[in-house]
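Below you'll find a set of structures to go through.
Look for chain A in each of the two complexes below; its partner is chain B in the first and chain C in the second.
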Partner chain A sequence: MPTNTLNGRTFEVDAEGFLTRRDDWDEELAQDLAAFIGVELDEPHLAPLRFMREDSATTGVTPTLRRMQSVGGFTVKDLFALYPGKPAKKMAWLAGLPKPVGCV
Partner chain B sequence: MRKLLILGAGTAGTMAANHLRTKLGTDWTITVVDRDRGHHYQPGYLFVPFWMEPERVVRDRVPLLADGVTFVEGQVALVRPEHRRVELADGRVLDYDWLVIASGTRPDPSLVEGMAEALAGKDAVHHFYTLDAATALRDALARFDRGRLLVHVSEMPIKCPVAPLEFVFLVEDHYRKRGIRHQVDITYVTPLDGAFTKPVASEALGGLLKDRSIRLAPDFAAERVDGPGRRLVAYDGRELSFDLLVTVPPNVGQQFVMDSGLGNDAGFVPVDKHTLRSVEHERIFVLGDASDIPTSKAGSVAHFATETFIDNFLAAVDGRPLPNVFDGHANCFIESGRGQAMLLDFNYDTEPLLGSFPAPVVGPMALLKPSRVNHLGKLAFEQIYWRMLLPGHRLPVPTAMSMAGKRRPKE
Partner chain C sequence: MTTTTAPRVTTPPPGFVMPDFGDTRGPVPGSAPAHGEQSVPAGVAAYQGRRKMAFICSKGNLDMAYPALIMGNAALGEGIEVHIFFTFWGLDMINTRTNDRLKFTLSGNTAMHMPDLGRLRPGLEHVSMPQAMGNLPGMTSFATRMMKKQMEDLDIPTVPEFLDLLAASGAHLYACRLTYDMMKIIEADLHPAVEGVISASDFIEIAEGAQIIFV
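So, the complex of A and B:
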């Protein structure tokens, strides 16, 4: 597995740049990563990431957008506004979780 | 008497009942419940819009079950694990010592605004995930000869994730053969960032789409279907107009799973992905599409998983540690049109790769590359399914995935 270094921190990533070890993550790293996709992580941006971290800690998988809505209480439309284009992918990347496709 | 109750007489439920009937002694009863008597060869749904007669897909469930297996026709209403009891909608009650949930997945168009209404019209919006829908689509394709055709996946997971891609290749071939391909503009619309979920297969399949002049609209998360306006609208505001939309609705587990509190938010039962035993209830195993294991919802997975399950179940009822680990193995033929098909072989840890699959008798089969032999394999599988798989005969392919013949693309 390749490793990335950012602002003095080193972390292991997969071929598409997603973190492979969830414990490498903290909110500071998310802030640093967010700069690369032109997002400033304020509270509304952080709330879904925190939910994803907590949720995946128990389920073992990255939550889907539908789950973010049904369990997390976020609306899919808002998530698209916060993370335009590819919210599920962007949020998983920022939250240090695997790409949200649990199936082949 | 000990009682095994199996909910669902589809691929996994039928296989499990037939395998276990030969292994469990006469001190065991095996009862299988399903809401009707029609066992559908679901891979056939893909061919019904093009050439397969709808009747050919269906057989009576009962003769497919071994002697000594009892079939109960009824709609399951509720599972009560604390009482080891299943309640049917008509008030009947079935007790069990051990329960296998093999109730599959179902399309739920109500989860996308406007989709259920648009499908009900059977006009410009169709799907092929039930026999009725596939038959209606056959008639729609026959009528449709000009305009914009979208083949659309709502969200993952869906039953058989390659089926919509196969459909797009077959429908392209259909219009080519009719000599009006130039009048039909075909787009594959997917919430994924490419043609498929995994990188190597995605690239190979994406290349094939391009070769066949099929457009790809990736990262499209559909918010609603505007049936009357013939538009598909994404959450990010993008809109695609259509003259014919073939969609794959979101998939969820059965209502009784949800009502019994056994499912996750999509109605799939959380299990240990290596043993298929319910996380919450040790006397429940879940086979086939009904569980939450992180792989395809497909008969192939049900097949390999059920084979590893048999010995685990026998160990579980004796209180022994479970001997087998399911590796997530599956393989499937992907119809690619022009009388050819591709082959995928993969598991939890290894994505579908290039190379060849060492098959007995017919010789190596090409992985991720269209070939005639693969297509013939896909057609032959229909008979293998009825005659070998369901009765519980082992097929001459290993249950665990092998790396023999596989290769990764050069970096």
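So, the complex of A and C:
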């Protein structure tokens, strides 16, 4: 497994760069990662990440956008606005979770 | 509680492994074409914009409504521009009078077998149903109910809900002008996410540079 080092912290990631150990994550790390994709994490950006962490802690899988809407109460449109391009992937990466695998 | 901190580094350190979010993609002047775009016939201008996919939905059966919806949704999640053109029976997918009542039939589907039958006798789950069964009264509504239940169990949205999801994700949906006229559909019946009723040639123009998938 490759490892990434950032600001003196070393953490294990998978081949694509997603964190493999969810406990390595904290919001400070998310802030540092977000800077690489040109996002500054304010409250609206952080809320979905926190939901993803909580939800995946119980289900064991990274929630899909659809689930973030139906269970988390976020609207898909907002998520696309907060994280343009590949919202589910970006959020999973920032939240220290595996790449989402659900189809819908 | 805010402290003054040094500005965050905006470029990853060398050797840092991170996913490709595609944000940096797109035409860079003077750069080599991206993979898959090399073979452009002479004299044809290569499409230079971001990746596009265009789906043509021509079927109105419940099982045939889903492929484009699911793939389109996946494409949107990958940051791809998505256009969906509903034509012929596919128009039933965006007609609010019909799109929550699409049906699934056993008739003509030789791949019809039931996973539950395996519990009766192992191997039975792979046996396809006799075609005549599909013609029994009530069989289509039974099969439809079963399929909808299976979809619901997997948290797959209904067709109308799916259209809302796609629209919220930025998909562009169009009704086919010819079918719309032929089937005497009225605009008020179209799902609100449909952007317009367009001709085949309009769609061909819109689909420039897109990968086209016909369902």
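Please note the rule applied: the second predicted complex is superposed on the first by the 101 of 104 C-alpha atoms of A that agree within 3 Å, B and C clash if a C-alpha of one lies under 4 Å from a C-alpha of the other, contacts with A are read in each partner's own complex, and residues count from 1 in each chain.
The rule is short, and it goes like this: a residue touches a chain if its C-beta (ideal position, glycine included) is under 8 Å from a C-beta of that chain, and two chains touch if they have at least 3 such contacts.
Just so it is clear, the model here is predicted, and its values are computed rather than measured.
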Problem set entry | Touching partner for A:80 - first (chain B), second (chain C), both, neither | both
Exercise. Is A:50 contacted by the first partner chain B, the second partner chain C, both or neither?
Worked result: neither
Exercise. Is A:36 in contact with chain B, with chain C, with both, or with neither (first, second, both, neither)?
Worked result: second
Exercise. Touching A:70 in the superposition: chain B (first), chain C (second), both, neither?
Worked result: both
For this session: With the two complexes superposed on chain A, say which partner A:93 touches: chain B (first), chain C (second), both, or neither.
Result: second
For this session: Mind working out whether A:61 is in touch with chain B, chain C, both or neither, as first, second, both or neither?
Result: first
Exercise. Should A:4 be classified as contacting the first partner (chain B), the second (chain C), both, or neither?
Worked result: second
Seminar exercise, completed: Max touched-residue count on chain A (chain B vs chain C) belongs to chain C
For this session: Please indicate which partner A:15 is in contact with in the superposed arrangement: first for chain B, second for chain C, both, or neither.
Result: both
For this session: Kindly list the residues of chain A that each of chain B and chain C touches, one partner per complex.
Result: 15-16, 65-67, 70, 76-77, 80, 84-86, 88-89, 103-104
Exercise. In the complex formed with chain B, which residues of chain A make contact?
Worked result: 15-16, 59, 61, 64-67, 70-71, 76-77, 80, 84-86, 88-89, 101-104
Seminar exercise, completed: Touching chain A in the complex, chain B uses residues 111, 155-157, 161, 192-193, 197-199, 201, 219, 221, 223, 235-236, 250, 264-266, 270, 294-297, 330, 344, 346, 351-352
Exercise. In their complex, what parts of chain A are in touch with chain C?
Worked result: 2, 4-6, 13, 15-18, 31-33, 35-38, 65-67, 69-70, 75-77, 80, 84-90, 93, 99, 103-104
Problem set entry | Touching residues on chain C, where the partner in the complex is chain A | 8-13, 16-19, 21-23, 70, 73-74, 77-79, 154-157, 165, 168-170
